[in-house]
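Next up, some structures in structure tokens.
Look at the two complexes coming up: subunit A is in both, with subunit B in one and subunit C in the other.
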Partner chain A sequence: MTGGDILAILQGAVVTVTLSLTGILIGLPIGLSLAVLRWADVPVVARIVTVYVSILRATPLVTLLLLLFFALPNIGIAIGPISAAILALVMNTAAFNCEVWRASLMNFPRDQYEAAQSVGMGAGLRFRRIVLPQIVRSSLPGLVNEMSLLIKVTPVLAVVGVVDITRAAVRIGAETYDPLPPFLVAVALYAPIVFVLVSLQRWIERRQAMAEAAA
Partner chain B sequence: MADGSKVLDVAGVSKRFGDLEVLSDISFQVAKGETVCVLGPSGSGKSTLLRCINWLERPDAGQIYLTGTEIGVTGAGIVMSDRELSRLRTRIGMVFQHFALWPHLTVLQNLMEAPIQVQKRPSAEVRDEALALLAKVGLSDKRDAFPAKLSGGQKQRVGIARALAMRPDLLLFDEPTSALDPELVGEVLVVMRELAHEGMTMVVVTHEMGFARDAATRILFLDRGRVVETAPPERFFSAPETERARQFIQRYAGHVANGGCRT
Partner chain C sequence: MIHDFGIVWSERNLLLSGLGNTTILSVLSAAAALLIAFVLTPALMSKQQWLAGIVRGFVDGMRCVPFLLFAYIVYYGLPSVGLRLDNWTSGLVALTIYNAAYMAEILRGAWAAQPREPIEAGIAFGFSNLGLFRRIVLPPLLLAAGPVIGNQMIQIIKDSAFLTIIALPELTHAASSIQSRHYVPFAAFITAVFLYWGLCLVIEAGVSSIDRLAMARR
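== the complex of A and B ==
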């Protein structure tokens, strides 16, 4: 395995991180929005969200991706492999995030919400100032779990030609007839990516705990 | 029907949950500075009545006026929007049985949150007033603590201070001492008595007969969703007019005699 090969895998790592991050950053607020729509029981829309979440949670990511990549052009929507990959990741992770957010919302103490109503907070203020800061905290472990799953599922994006860490390693192994070194490098790359995410979670949790202990 | 000279005017309010009629045709008025204690056996609709006053529960029938302004329904007879309802609710403070403090905010932040966010008052002024309120309820040293670090009695005193921070015209208490250990009830009642003496207009749902007897200006006795009797406390406790009130008082008689311990 040459230096060029390692560079190729690192390029794959850039693709993996970029696609994962994009999927996470777009999927997180969409998941929250879907959860709020269901929680608020918005007529019709809440039903649609329920159906969407059920279908998406039951659809394998790779199947969804193939559907988007090969079927959308058939109905006149041109889509590249990267766009299809991001779209599939977002659609998938938003559905799972929705359920994490929703669980926190359903457990939110009713009297705290009523206390906010009783001091005249409107729906927007109640959500932003009272509900959101607390559900972010209770949802964090579930959300980080879903994010790390998303990162580890990115190798399936290779089916539409995206060259991520794993795809790069497969290529090098096929060229050199020595698959062990590239795959060891690949495995070694996923761990730090996920580790950064988990460290971030720990840091946020520790900061909150310290703020409370100081009081 | 609306009598603007009264802080609160409840006119013919009814509420049912499914087949259960919780409130039927409740009417009463509260003048400025009055402390009305709502008494009655559990399940008589006391809490529901209180929650209907600020529309946390929507009444099925009847009207509620706050200094002459109808709550929940606009002049055109349409149910108010969240925004319109919120504006009226700023004038009605509520103290909850289980405190309902916001656990992610410190004690001082709990007090300052709504005056700043809702009333848009300057934060320096709100802070000074909040600190004064904490001093009043005896919790100056807890201003930077989170609610989880407080005892039940302390939490409820913060709950009262939070409601007062909005400078409300009317204060509603929903069984404020029912969730407290017996030895912590006193410290909350002290604060409530002080408010009553200062002329705060209050409606108090309670089982504290001692408090009702010596702090209330009037007793409203509820049974099975109806106002069975309404009288000044001296008369209510010594010469109740109805059999139901007599039975109720008898059951609490021992407690009243020894200065109003909780039940």
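== the complex of A and C ==
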């Protein structure tokens, strides 16, 4: 394995991180909107969201990705590997995020909501000023956990030809007939990324537990 | 569109054998992972620092590596060090070892949350070692960990789909093969999605019946 090979894997790392961040940034607000739709119990829509989340949580990302990549062009929507990858990641992570947000919404104390109502706050203001800041705090550990899960499923994107860390490593392994070294480089790249997120999650949980104990 | 589903229906035997293989893979590796976890968890909670440290390193290490990469290492990487496994063995080994780490962490969490009193009462009644574990520790532990183990089962089913890349004939692989031969991508993959959904609903039903049992015992 040469220096150029390591550079190729690093380029893959840029792709992995970019796609993961894009998926996370788009998936977070969509997950929140889905959760609010269910929480507000909007007729029909809430049921559709429930079924969507249930199906998406059960669907392996590979299967979803292959479905999008091959079936969308079939019905006339042109889609490249990168857009299919982002769409699959967003659809997948939004379903999981929805569950995390919804759990916080369900645990949100009703009396605060009513207090805000009684001082004359409108629905939008109530949500922005009272509900959102608090559910962001309580959802944070779950959301960070979901982010680390998302990064761990990104190697699947290689199936449609996205050259991420794993794909770059596989390619080098096939060229040099010695797959172990590039795989170990790949592990050395993934592990710190995921480890940072896992530590972040533990740190947030500890800090919140301490804040609760102090209160 | 109806015609596409007709093609998928004519290939139902392939899909069903894929579903069967996915189920076999998931159940076998979940059971094996749980058994390994029962060995790892006491080590994880051991007072022997070095032992707890080694197992902690393994568990945290597995949680930081993507499963797909791990499967690649087992299938393509291990032959470099002289260990060649066929795709079924690699798939099973990868799924089992990877998920044993998660199961160990799940059991540790449930174990730590168990009240001490019944165990001390059990000791006072003369239970010891295996008897104590089997009759006093294990039943409430499994009931408490049930839902989380169920979630992990769903995770295992989804991980097993990744094994399509090492040409293991599971459900996603079957759907891919139908799509590549007949070019019916939507019908083939959406059928697979619904079959996965069905599997997960079965597990969720199992979990809620365990929950009811736990409630009844309380």
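Observations, loosely collected:
The working rule: the second predicted complex is superposed on the first by the 194 of 215 C-alpha atoms of A that agree within 3 Å, B and C clash if a C-alpha of one lies under 4 Å from a C-alpha of the other, contacts with A are read in each partner's own complex, and residues count from 1 in each chain.
We take it that a contact is a pair of C-beta atoms (placed from the backbone, for glycine too) under 8 Å apart; a residue touches a chain by one contact, two chains touch by 3 or more.
Only a predicted model underlies this, so the values are computations on that prediction, with no experimental measurement involved.
Applying the stated contact rule after C-alpha superposition, one finds that A:137 touches subunit B and leaves subunit C untouched. Contact comparison for subunit A: of subunit B and subunit C, C touches the greater number of residues. Of the two partner chains placed around the shared chain by superposition, neither subunit B nor subunit C is touched by A:21. Shared-chain residue A:117: touches subunit B; no touch with subunit C.
Shared-chain residue A:6: touches no atom of subunit B or subunit C. Of the two partner chains, subunit B is the only one that A:212 touches; subunit C does not reach it. Considering their complex, residues 109, 111-112, 114-123, 125, 129-130, 133-134, 137, 212, 215 of subunit A touch subunit B. Against subunit A, in their complex, subunit B makes its touches with residues 54, 56, 82-83, 86-90, 92-94, 96, 98, 100-104, 106, 113-114, 117-119, 144-146, 148-149, 162-163, 166.
Residues 60-61, 63-69, 72-73, 76-77, 80-81, 154, 157-162, 164-165, 171-172, 175-176, 179, 185-186, 189-190, 192-194, 196-197, 199-201 of subunit C touch subunit A in their complex. Of all residues in subunit A, only 54-55, 57-64, 66-67, 70-71, 74-75, 151-156, 159, 165-166, 169-170, 173, 178-180, 183, 186-187, 190-192, 194-195, 198 touch subunit C in the complex they form.
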